[in-house]
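To start, the structure itself, in structure tokens.
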Amino acid sequence: MFPTPIEKTRATTRTLYNVALPVALILWLLPLIAVAVTSVRSGGDITAGNYWGWPTSFNLLENYTAIFENTPFGNYLWNSFRVTIPTVIGAVALSCMTGFALGVYKFRSNLLIFFMFVAGNFVPFQILMVPVRDLTLDMGVYNTATGLVLFHVAFQTGFCTLFMRNFIRALPFELIEAARVEGVSEIRIFWYVVIPLMKPAIAALSVLIFTFIWNDYFWATVLTQGAESQPITAGLYSLNGQWVAAWHLVSAGSIVAALPPVLMFFLMQRHFIAGLTLGAVK
Amino acid sequence: GELVINTDTSDPAPKAAFEALIAGFEAENPDVKVTWNLFDHEGYKTSIRNFLTADAPDLANWYAGNRMLPYVNAGLFEPVDDVWEENGLNESLASAKGSMTIDGKLWGVPYTYYQWGVYYRKDIFEANGIDVPTNWDEFIAAGAKLTDAGVTPITIGTKYLWTAGGVFDYLNLRTNGYDFHMALTKGEVAWTDDRVRATMANWKQLIDAGFFLENHAAYSWQEALAPMVQGDAAMYVMGNFAVAPLREAGLTDDQLGFFQFPVINPDVPLAEEAPTDTIHIPANAKNKEDAKKFLAYLARADVQTAINDTLGQLPINKDSQVGDDKFLQAGYSMLSSTTGGIAQFFDRDAPAEMAKVGMEGFQEFMVKPERLDAILERLEKTRARVYK
Amino acid sequence: MSRVELTNVIKKYGETQVIHGVDLQIEEGEFCVFVGPSGCGKSTLLRMVAGLEETTGGQIQIGARDVTTADPAERGVAMVFQTYALYPHMTVEENMGFGLKMNGVPKDQIAAKVGEASRILKLDEYLKRKPKALSGGQRQRVAIGRAIVRGPEVFLFDEPLSNLDAELRVDMRVEIARLHSEIGATMIYVTHDQVEAMTLADKIVVLRAGYIEQVGSPMDLYKDPDNKFVAGFIGSPSMNFLNGTASGGTVTIPALDGMQIPCPASANGDVIVGLRPQNLNVVAADSPIKVDLSEQLGGVAYDYLKTPTGEKLVVETKGDEVIAAGTSVQVQFDPATAYFFDPATEARLR
Amino acid sequence: MSRVELTNVIKKYGETQVIHGVDLQIEEGEFCVFVGPSGCGKSTLLRMVAGLEETTGGQIQIGARDVTTADPAERGVAMVFQTYALYPHMTVEENMGFGLKMNGVPKDQIAAKVGEASRILKLDEYLKRKPKALSGGQRQRVAIGRAIVRGPEVFLFDEPLSNLDAELRVDMRVEIARLHSEIGATMIYVTHDQVEAMTLADKIVVLRAGYIEQVGSPMDLYKDPDNKFVAGFIGSPSMNFLNGTASGGTVTIPALDGMQIPCPASANGDVIVGLRPQNLNVVAADSPIKVDLSEQLGGVAYDYLKTPTGEKLVVETKGDEVIAAGTSVQVQFDPATAYFFDPATEARLR
Amino acid sequence: MQSYWKANQQRLAPWLFLAPGIAMFALYVIFPIFQSMSISLYEWDGLGEKSYVGMGNYVELMDDEAFYTSLKNNVIWLVLYMLAIPAGLFVALFLNQTVRGIRIYKSLFFFPFVISQVVVGLVFSWFYDPSFGLLNVALGAIGLDPIAVLADERYVTYGIIAAGLWPQTAYCMILYLTGLNAVDPEQIEAARLDNAKGVKMLWYVILPQLRPATFIAVVVTVIGALRSFDLVSIMTDGGPWGSSRVLAFYMYEQAFSEYGFRMGYGAAIAVVLFLIMMVYITGFLWKMYQDEKGR
């Protein structure tokens, strides 16, 4: 293991390390901690300029209910779920199939199609912006969750295919051959043999896509407008305009917006990291 | 039938005003069922393009002047001369008729407008022995006193640029007058013109004297309210909509005052800035009949009185009552006595692209006045492209 | 139980040909083992029989049917993979019954067949476990069980034991032999393990670079190899090869200090003399041949000799008489145990 | 070249002790092999000598120096790992010279030493290649070369050949033997391969669960094991163990149809009789002992016998006389070749 | 039909599985790329008729100060964003221990990557606030004047990049942590025997083995840098006076913002950005192709 395990070093180094660790963490997360603390401050603290001192009172409940009561914050949050969850399901389902096709079968254009997915995944998505917006308008799903979901599913399919195909490639191919020898049809092989084996990949990918989509801001601004369809990222930004200098509300909003992906990360940490390193790209 | 209305009136006061407006209309027209889509204020500016083409409502709010030109040119708005004709709006809304006319046709019905000017902290002025300035020298002097007292004379947040446009408008209106200003925003005058330079020289004077809030480029207009509330700044060149948040932040009418932007060049008549908000019928609307009914209703004196009461703004209909709020009264008397002309606003008078580049240039100028020549040349280049 | 017949079978990957017209008959119930160096095409040939690789040319027949282009599922074969290829998400039972289930066999029939296979392979107590919870040997048994259950006409094994450790390999080898005698099916078995090939096979097929070198029973190949390659490949330690010069029925071997032994009359000029280490004997004597190294393995010892020509020679002895490294020795053997090969064609000279 | 001395060496991982006070002397230039079942602590002990594991208790001396707490780099040892542990991003040359470079040796000296090592190991033509472009055997040679270059006092090998295939393993084994005789350094070698241990070692150390069971030369251990464990561990195929009952210098072996053979007087009551397969012989005869299976390997054959007590017996025969499975046989052997062990302590009875 | 499928299923199955994915991807990604290229040859406000201007948009681009500002900022982004890689490595080395609770530490360090860039942007705008932001509180504490990072054209881009580096460093950290996990321990031991210590060990033995992690880190960082939009939009909206614009943002501004709607011009900017990115994509595909061939 590198660097040298700390338990094998001198006592002073060990102590130093044990002190440095929490200090570094606090410094690293300082901006976030500040936000968290601010989110429980009272409005009075904010107007009085008490940004960094001890909060005069803890208004956890007030602040967090306030953001839901006076603004369409709940709407935004709900929209985020309405966009994120179908996208995760759609993208994973599509890419299981494409990944399977590209990972298992040999045919001439295999690599070409695969590279198309990979390259598409890397393009600066700004280049898609104008046509995709027109397309969404033409299909009549502009400013709806459906419009966002359709686009996200399509775009994420590039990344997910890369991921799934590599994962399937790493599966023992004999499993598929064994099934073929046993007379199992290709579709059943996909369903009964490959899908169960892909469970870890599906989990990893789901978590990853969940965070990507949840955190998307760009497409939310391109394809939706207004509280009845925009997700939380875009919502937070427009609320930022409304909550003028109400930093405690902005902070509380930010915390709520950050919570689902953070929870997701904590609960599914292993899958998440596996996903990142296996897929290796955003 | 069903009447679909899209508006961007999502802030509390406008929202309440429209709720009441729609309820009133429905009460009078029980056969009409109104569907009201409320949009986020910023997002509306882009979404209107989409819904006008893709999924048009029967009514949509927008702005007068150049701002509606692209939609008129693209044939997305319906001319409503007949509504004006049948309801005698040519008289009652006469003051806004000019800004609603393009190619000789009328494209919508205005329902509100509001004055711009200087909002100031009366108490701070008094504490420093400053009288309301009426001309340039007094204005400069007032600033000097405030600076000496450690108070920033003018607060401003230029992160979203348009606030700087307001300042420019006033300086230019006062330096060169309304006609020149309109010619400039219509692209008929070069930005490198000496008259523009004169305006900018006046502006530079303020900048050099430390009139404006430091780091204004980091703030939005709302964030810039804070120094004024906290007493670190004394004036704000703003529209009347700033009053509500200032009051909400705790300033009383004793602390807050309003005055007309002071005279710079005594030879030009005083012109003012007063943006007008309007409602239009999209060309692709389905229920134009009821939409016209709604417009007629909206144009009525009593309706405009009510809606502007809630909005805290001025009605267009000359028979309407102006609310007795002191700022409204001040604005009303200022605007109705204006002889120099009424401008909409920089980004409504000038085409969008020109406005963007222009306001960006103003912001840059406010921080880096020494770059004036480069900025003006850039604007001139844009002018050459935009108005071709 | 069916015979398998390959006729002029060819396999190409793109431009490279890896199987060059193989002809082979495997009789009903026969245990046929493919051996050969790595990369010679053993697996490829086996997979072509299974239908997992397309056949580029020639014909494959199983029983009376021509299956050259048939789907794997339709060939009536079962395959046991080197890596077992068990479905990790299914229990042992489900693994064994999967093929039947997918082919629509009723549940009770599946259960009966799985039960019988598990009895044969002594897997009863593991039926509910997942493969992860099994040892290597048990997994291999499940893999075999999966093959048995479908009652195929032909069993195919691709190095089924190479992932097991030495001891287990011996056990499983014995088990496979038992299985073959029990169910008597035709089996084709790929291995690179000498011992497996020798002990299991009815018939060994020695492959080399996509060609069949020789086909025959294990003892045939050991005792009567057709060419130098087979002679060197079968038997452990490998046969020693020394250069010699033949003329008139006698061959002179310079490496053995000019020793002369009789040889077939067909030999003339340069020949290669093959001597199995088991058939050699050394005695200390004044000679240019020296012991380079002597390895004592307890029951048996290997002496590595350096000959004056630089050729090396391995001699297997009963480990009792230790000869120190560096000693000069003489090599003795029964001339009848020597083999002769043509240096150019490598063919056996008889 | 230095002797290595371990005095009461102890290793604990947390609470679990894996090495229990080992005392061992390895002389200068000696080739010492550690053998033992998996998990017995061979690698751990070797790594403690290398300094890669801390020593929990006791003392390790290399030459005259106490190196118990010294850094690995300062012990003058070099190690060859099972996985070779070559740096994949460096060429062969750089791999071999890396240690010297890290110690600030001038470039020309490095080049000279690498050149010499590569000559010894015949690696000259591969010097510019990366490890990826080498075969297993070549990689192993590079790993050894890397060890040689640094001119260490002691070489440590941890199962260096276990990743190679059978043939290559034989070649490399011979090579290591040659290397040892050429440079004469002290070498400690861990393996679980019988043949390697027997052929390479000057001294074999048999470990079991962190204790030394016996130390001695290969033939000593083969011929004169101290206990049943060593007797069963050394020799291939393993020694057969049968239960017997001793009284008055004679032991009765029920498995061999009540055969009686003389035994040491110290034996009394239950004993275990050890018989090496090489020392046994079978002849067809009326007897309750039956041949279960007979494996012909060409030069040699193994007969697996089933005795009436259910105990199994392996007999090694020269492969000429084939005995069919199922035949009844009698087992013959020289009683002097039998070993006797106490069933409780497993100690040898002499 | 049934039998045709049975006989050819291995040939047909992949297309069956690919069809929906390819259809969606082509519709939403592949075609739009070409559409954008074609739009970039027109002048179009998204409402009326398109009018063909040939290379007009590109010619204008060549003479557009704002474009060059954006391009320059993109280059700065590309270069400075790379700092996330050594920084991530450093943090990973710091955290690659097995002390108690280290897993929690690792997760917490990873936090910034999981949260939305919108939140990051808001948090950092706040951090930089000239009157009460933490940065200026700290500067004040050591007696320095406050810096309005986001209002000063000299600092603004760097300020945004610093905000972007925060999550990106966390990302690189995870990549390196998993990379370090995969480093062959025997090689480290061999290196210890070879007397390679500390930095030497890192440089000669560890880093070369981390090459795959580094490669991935570079790829994602480059792409992240070129795609940077969210932070710019949230923290400065491109300002002050457009000095923090990057191509991705500029194109959005031209095509969709309140004052924009020059679709053709925006598309032209996107095409330029696409071409820059194509260099990297091609490199990446090339490496993948090599790896695939090597299998």
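In this document, chain identifiers A, B, C, D and E correspond to the written order of the chains, with residue numbering beginning at 1 in each.
Heads up, the rule we're going with is that contacts are C-beta pairs under 8 Å (C-beta built on N, C-alpha and C of every residue); 3 or more make two chains touch, one makes a residue touch a chain.
Since the model is a prediction, treat every value here as computed from it, not as a measurement.
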item	value
Chain-chain pair with the highest tally of contacting C-beta pairs	A-E
Rotation angle (°) superposing Cα atoms of chain C on chain D, nearest 5	175
Inter-chain centre distance, chain B versus chain E - centres from mean C-alpha coordinates, in Å	39
For chain B paired with chain D, centre-to-centre distance based on mean C-alpha positions, whole Å	93
Chain C and chain E: spacing of chain centres that average the CA atoms, whole Å	56
Multi-chain contact sites of chain D, meaning residues that touch two or more partners	none
Two or more partner chains touched - positions in chain E	6, 10, 46, 205, 256
Overlap residues in chain A, where contacts from two or more other chains coincide	49, 185, 221
Chain A-touching residues of chain E, taken from the complex the two chains share	6, 9-11, 13-18, 20-22, 24-25, 27-33, 35-36, 39, 46, 93-94, 96-99, 105, 107-112, 114-119, 122-124, 126-127, 132, 134, 137, 166, 171, 174-175, 178, 180, 183, 185, 188, 198, 201-202, 205-206, 216, 219-220, 223-224, 226-227, 229-230, 233-234, 247-248, 251-252, 255-256, 263, 266-267, 269-271, 273-274, 277, 280-281, 284-285, 288-289, 292
Residue numbers on chain C that touch chain D, as the complex places them	38, 174, 177, 194-195, 198-199, 218-219, 222, 234-237, 276-278, 293, 295-300, 302, 304, 316, 318, 322
Chain D contact footprint on chain E (complex, rising order)	184, 186-187, 189-197, 200, 204-205, 208-209, 211
Residues of chain B defined as touching chain E within the complex	42, 45-46, 49, 52-53, 70-71, 73-74, 76, 158-161, 214-219, 347, 352-353, 355-356, 360-361, 363-364, 367, 378, 385
Contact footprint of chain E on chain A as seen in their complex	1-3, 5-7, 17-18, 20-21, 24-25, 28-32, 34-35, 49, 51-52, 94-95, 97-98, 100-102, 104-105, 107, 110-111, 113, 115-120, 122-133, 135, 150-151, 153-155, 157-158, 161, 185-187, 190, 211, 214-215, 217-218, 221-222, 232-234, 236-237, 240, 247, 250, 254, 257-258, 261-262, 264-266, 269, 273, 276-277, 280-282
